[in-house]
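I'd like to ask some things about the structure below.
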Amino acid sequence: MEVISNYTRTKVLMDALPYLQKYNDKIVVVKYGGNAMTNEALKEAVMSDIVLLGAVGIKVVLVHGGGPEINTMLDRVGIESKFVNGLRYTDADTMEVVQMVLAGKVNKQLVQNIQTHGGKALGLCGIDGEMIVAEKLDGESDLGYVGEIKRVSTRPIIDALNSGFVPVISTVATSEQGDTYNINADTAAARIASCLRAENLILMTDIAGLLEDKNDESTLIKQVNVSEVAYLKKKGIISGGMIPKIDCCVEAVRRGVKKTSIIDGRVPHSILIELLSSEGVGTQFI
Amino acid sequence: MEVISNYTRTKVLMDALPYLQKYNDKIVVVKYGGNAMTNEALKEAVMSDIVLLGAVGIKVVLVHGGGPEINTMLDRVGIESKFVNGLRYTDADTMEVVQMVLAGKVNKQLVQNIQTHGGKALGLCGIDGEMIVAEKLDGESDLGYVGEIKRVSTRPIIDALNSGFVPVISTVATSEQGDTYNINADTAAARIASCLRAENLILMTDIAGLLEDKNDESTLIKQVNVSEVAYLKKKGIISGGMIPKIDCCVEAVRRGVKKTSIIDGRVPHSILIELLSSEGVGTQFI
Amino acid sequence: MEVISNYTRTKVLMDALPYLQKYNDKIVVVKYGGNAMTNEALKEAVMSDIVLLGAVGIKVVLVHGGGPEINTMLDRVGIESKFVNGLRYTDADTMEVVQMVLAGKVNKQLVQNIQTHGGKALGLCGIDGEMIVAEKLDGESDLGYVGEIKRVSTRPIIDALNSGFVPVISTVATSEQGDTYNINADTAAARIASCLRAENLILMTDIAGLLEDKNDESTLIKQVNVSEVAYLKKKGIISGGMIPKIDCCVEAVRRGVKKTSIIDGRVPHSILIELLSSEGVGTQFI
Amino acid sequence: MEVISNYTRTKVLMDALPYLQKYNDKIVVVKYGGNAMTNEALKEAVMSDIVLLGAVGIKVVLVHGGGPEINTMLDRVGIESKFVNGLRYTDADTMEVVQMVLAGKVNKQLVQNIQTHGGKALGLCGIDGEMIVAEKLDGESDLGYVGEIKRVSTRPIIDALNSGFVPVISTVATSEQGDTYNINADTAAARIASCLRAENLILMTDIAGLLEDKNDESTLIKQVNVSEVAYLKKKGIISGGMIPKIDCCVEAVRRGVKKTSIIDGRVPHSILIELLSSEGVGTQFI
Amino acid sequence: MEVISNYTRTKVLMDALPYLQKYNDKIVVVKYGGNAMTNEALKEAVMSDIVLLGAVGIKVVLVHGGGPEINTMLDRVGIESKFVNGLRYTDADTMEVVQMVLAGKVNKQLVQNIQTHGGKALGLCGIDGEMIVAEKLDGESDLGYVGEIKRVSTRPIIDALNSGFVPVISTVATSEQGDTYNINADTAAARIASCLRAENLILMTDIAGLLEDKNDESTLIKQVNVSEVAYLKKKGIISGGMIPKIDCCVEAVRRGVKKTSIIDGRVPHSILIELLSSEGVGTQFI
Amino acid sequence: MEVISNYTRTKVLMDALPYLQKYNDKIVVVKYGGNAMTNEALKEAVMSDIVLLGAVGIKVVLVHGGGPEINTMLDRVGIESKFVNGLRYTDADTMEVVQMVLAGKVNKQLVQNIQTHGGKALGLCGIDGEMIVAEKLDGESDLGYVGEIKRVSTRPIIDALNSGFVPVISTVATSEQGDTYNINADTAAARIASCLRAENLILMTDIAGLLEDKNDESTLIKQVNVSEVAYLKKKGIISGGMIPKIDCCVEAVRRGVKKTSIIDGRVPHSILIELLSSEGVGTQFI
């Protein structure tokens, strides 16, 4: 085991000081998903990052997706996925399983993980306190119970933060008629971040960030002004699956979030590096 | 449809006045289960009762069990129940399903039901904010992940009540090591009620109440002083499945709950009748 | 005595739910006068209505006139009423008696009545805390100490409401020079309601409401938009003694009161029926 | 007109400093009655004293009797006073007049006087908010509606003080059954002072204070320890009408009032001299 | 020793009433300097004035210069004063002594003086909490560490006032780089007064006020509207050392201070006379 | 320059986590003196440590001595030190210089240093708000203005902490008569720590800690229970100048401080290492 000298220890802490001052008592929304959710060691690192951020006075809100657990459970109960124009269709039975897995399993496990690392957490979903009210997504094809957000009520989140809890949020929403809708977690995180006037929105992904040449990680673009996004799309640098993620970033910044970051969730402690060092581990949108 | 005269309307409201004054701004914990949970009409009545109690200034906390939904899901995923000395054994796989169904399905449905009736609700389980910390039940036989309560933290419940939400609570608990335990819902409700210094604890059952002659509902005992319970057990009037329920009532009263009631959940609006009329619909323990 | 079934009881309460939700924690100003003040049974009903509204979380402010008590006392002390162009002239001696009867007798009796019905009340007049500052009414003829309101200070009312008291208000006012003026109770109630941003102003009268044909109660107009009032005056439907009352309603709505109602004080519990049922018992102005 | 030098002005203010510091933000209860109430110049002085005390941060509570106004009104309405063993009997008709005059006339005039001197005041009686709950006085002879205090609720007084009002209190009380009782104003002031943990209770009288020789004002006793009162009664120095007044003082000190003073209300500004100078104008009980 | 009659005492207090009402709970900033600081009797009078103002509910902020103490200490440590175009040059060594004497000696003595007179005080300088941030004065000649104010943070002052302390402020400031600058005390007092939205700024001087004829104190101008200042300068009535002082007054009034006064610090208790009597002892700018 | 890997960075932060959680929102009193005060690099390290502790939510109170600055100034003004039985005698002239240097120079420099490192600080001494009231030390020989603490008022410290300032405290005190006394800084820090119910008191010294063999730093005793101190004195392990320091530690622990530490101020960032790592850099007393 490496021995870290007191010199190094204090140097690291001192290097973190300007960031500690910047984020003190500020809200940071983290969208948690991908490898960081399935790889056990990465997951442990994320949990301890979140607890540490809380311990130094940063108010973290954790928004999570469901990862492979949803598919596993759909398999176990024998629900087959239907597809419409290549997109998964969420029927009532599927929605029921999605809700159970997200709000009943993944959410509570995350709460428990934060708590075994010494933090305090409270698990909520968009149904609670009508936190996320959605309506049927009005897209080209009918995707069933896939919703888009009509309004967000931050009261349950604020209450949790004020009592010192990390709010852990599953992105299932309620409609005004009392139906449940599944909401894309990136979109929900972006919307929640802007309603909370968050200092930062962090989207954890399985890529290094936005690359000039998508096959060369050394071409990482460290910072993008949201006004440049249209041009980057036109040039094809922003393309494919990156488009909706980056649209979330742009939307969040436009609605008042100071900064959004797409970070590499495959790097251990990437949240900590992103927030508390001069390095950063992905692409920032400002 | 019956026409109710204004005379009758005002008479009913006036009759409710002393109870409205008594319970105003007080906490009432309702353990919800049994027929009232499976029969759709009864369920609707319970939901509207709870919303009405909130609208007249009573702070309701809803603690729920899982009813038949747990068994249905265990069946669907092919988990067979094991029994130890006639008691169900909760292994890790079963516990996972119990948690998902309680905290992810039943809990969120109840939140949604309250909200479609015009109320505001927030769904929580014992894991959230370490609200219920349990340890393995130390009984005669090993029942797996069946727990007994070590301590209760009411902060998340108080926060919810202060923000005007009905806290809806699933009785899965966390251990200090981060394992999940299933907790008997009556016991959890009693413990929560005493920690909240509740005015009243209401246990919804599928019986008329405590009967002198268990075959004759006309022999209903309307009120029991907790000091008489030992004698009633000795005489065999309290026996069988009633024993643990009534033990919860006694425990709650001894720890500071003003009154506990075992009410007949098969009667529509039994909560309302119990709280807001001179009638009562079961047996009160004081 | 009629036996009311539990079914009916719960039905009545459920029917009241939307109104309980609507008025919860809102301010309702009631102008109390006429038959409802002199008939003992009606008075009892009003008092219990007010206590019940308080018990379900509605903030009631009671503004009262003096009814026949003023004339009785003027007779007893041998003051004869003078009239100017058919209107009563209030000289200094009369004003002294009016003040004594309103603020010292009627007001305190109402406070006591509310309290014997289980409520909490606090009696105030416009002199207290310079709540109502008036100046001499600038009308066609000199009416002596009849005043018009210059400004209202709601602080004493707000304090009373915050401490859970029903403020009971006599409409005698002070001038800036320290003289006392008599204020029309309808006008004062309307002005207080608008300063309090009340949800509702209720004027109790001895008529059924606004009638298309004033001899036929079946022609009751249930709702009037304040923009229609000019037309209704022109048509003669609003005429005579109704004019100043309805002008108060219009004024209150224009200054921010959500709704004002002229209700039939001769109907027992008319306040309750007006506020907590779909029926209503008079004419609403919105 | 005398010209006062700046030297004298500052000397007076400086002499007042220790008393201003002592009473700052403290509660002083003043029982107002006698000559100071009937003599217009004395009355003006009392009103301005009270406003000044408020302006320097002392919380004054004014408790008043009715003076000759009650008799005048009883005469006007033709009620003859009955006497029982030399004590006035208060029948229901008399009580009604007493209440009207005290709570409707004298009380509101005092409020108005304080306000025309630039202060803020709120008039209340013992009925308001069940501030003074009384029962029939259990004495040797039946005196009708003369009551003794069962309990005092200070909430309305505290609310008024917190909003910067001088509470002006008429000593009519309510019984638990809703009857009105007349309460001796000295007794009520003493009881209110002890419930408020007042710093000082001042009883205004028409005598110089307690005299060793009742015919010689130069024999004024400036300070009495309440433990000496029994001896002073035995010696006859405390006798006659002084006994109940001094019993009030003793009772108040025993129940936690720091100091009570019997002051000479015939001296202009006697309250100010008593509170803000080293002189004092009567007898202090500690 | 003069005997002051109770009549005179109450007259003085009554004369002070309108001023007590006007300044109650308001902030008054006093710039303390000149004779009032060196003459022991005058100093005592100022200290007791400040304590008295606090005792009657006025929030005093004391801003002080250093008087002759700075020169004495410069002499003791052998620092000779340099002059640039007739103005004293403050080099680093001088600044160090100025800071020590102001913040370490004069400031703490004033705190102690207020406290021995029965008040509560807290000594601060412009460095504390970055209360006064300055930069090098950009004048005709380089005066070394003489600064001009860039911004004022009132938080430490507000905290002290809220805890009942008289803030005593030395006018040394910090630059953003952490250098110390000396600030003219009149200027600092004016700026602090405007940032605190003070009711009054009082500058203590060694002159009678603004005189029409500077050799005749009977030509004192009692009140000047700030719009007249330009004209008075042109006429030569405002000239010499008066110019910067009066510029401070004008600036303070323009930035929101209600009134500023140049008072004669040679008159004992001039602060008290200025604030609590109709006389005034200097010239007011409004 | 050493490059620190992200791995090391996150490891250091993670190692600090349990300490961050332990001290979050807790008060730590640091007695600052010795080499750490005179060596510029050590001083910089202390300042940045304090700012970092504030940034992670620890409430630091800095109590300081004067170091060599006092002697330098005494020399400059030509005051010779007198000694009584080998102890320095503090006459009035010396006390004046001590106060000026501590409260006017050292204190304000520390405030400025903290602020240039990005923190917020407020400089106070024991005179301010009568924070430290002392009386003449009652020892064997008369030491002049050397005091012992009679009482401590924490209000100014609490106010500063609540506003986010680091309170920086010079240990000059006031007597009740308004004289100034010099207080030993270790003693003052210990007393302030116990009055604040601090989590930790840290005394910075110029030694490695308590050593079994005072010539061998490898014999450092890491932790001592205060009950063992008597025995360690008897054995001579605690001796000489260590005795009063360790007595302060014992006293502080006995009066409620959770832990006190004597740390080696010659080690850079020793405060940070002591508080945020498992290492520690001296001897802890519990």
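Read from first to last, the chains carry the letters A, B, C, D, E and F; within each, the first residue is number 1.
Methods note: a contact is a pair of C-beta atoms (placed from the backbone, for glycine too) under 8 Å apart; a residue touches a chain by one contact, two chains touch by 3 or more.
Being a predicted model, the structure only gives us computed values, none of them experimental.
Path length between subunit B and subunit F in the touching-chain graph (shortest route): 2. Repeated interface, listed pairs C-D, D-E or B-C, reference A-B: C-D, with more than half of the contact pairs matching by residue number.
Annotation: 36 Å between the Cα-based centres of subunit E and subunit F. Computed from the mean C-alpha positions, the centre of subunit A lies at a distance of 56 Å from the centre of subunit C.
In terms of their C-alpha centroids, the spacing between subunit A and subunit F amounts to 45 Å.
Centroids built from CA atoms put subunit E at 69 Å from subunit B.
For subunit A, no residue reaches two or more other chains under the stated contact definition. Beginning the circuit at subunit A and passing next to subunit F, one meets the chains as A, F, E, D, C, B, using touch as defined.
Put simply, subunit E touches subunit F in their complex at residues 73, 76-78, 96, 99-105, 107-108, 111-113, 115-116, 120-125, 127-130, 155-156, 159-160, 162-163, 165, 172, 174, 177-178, 180. Across the interface of their complex, subunit F is touched by residues 2, 4, 6-18, 20-21, 24, 45, 48-49, 51-52, 55-57, 118, 267-269, 272-273, 276-277, 279 of subunit A.
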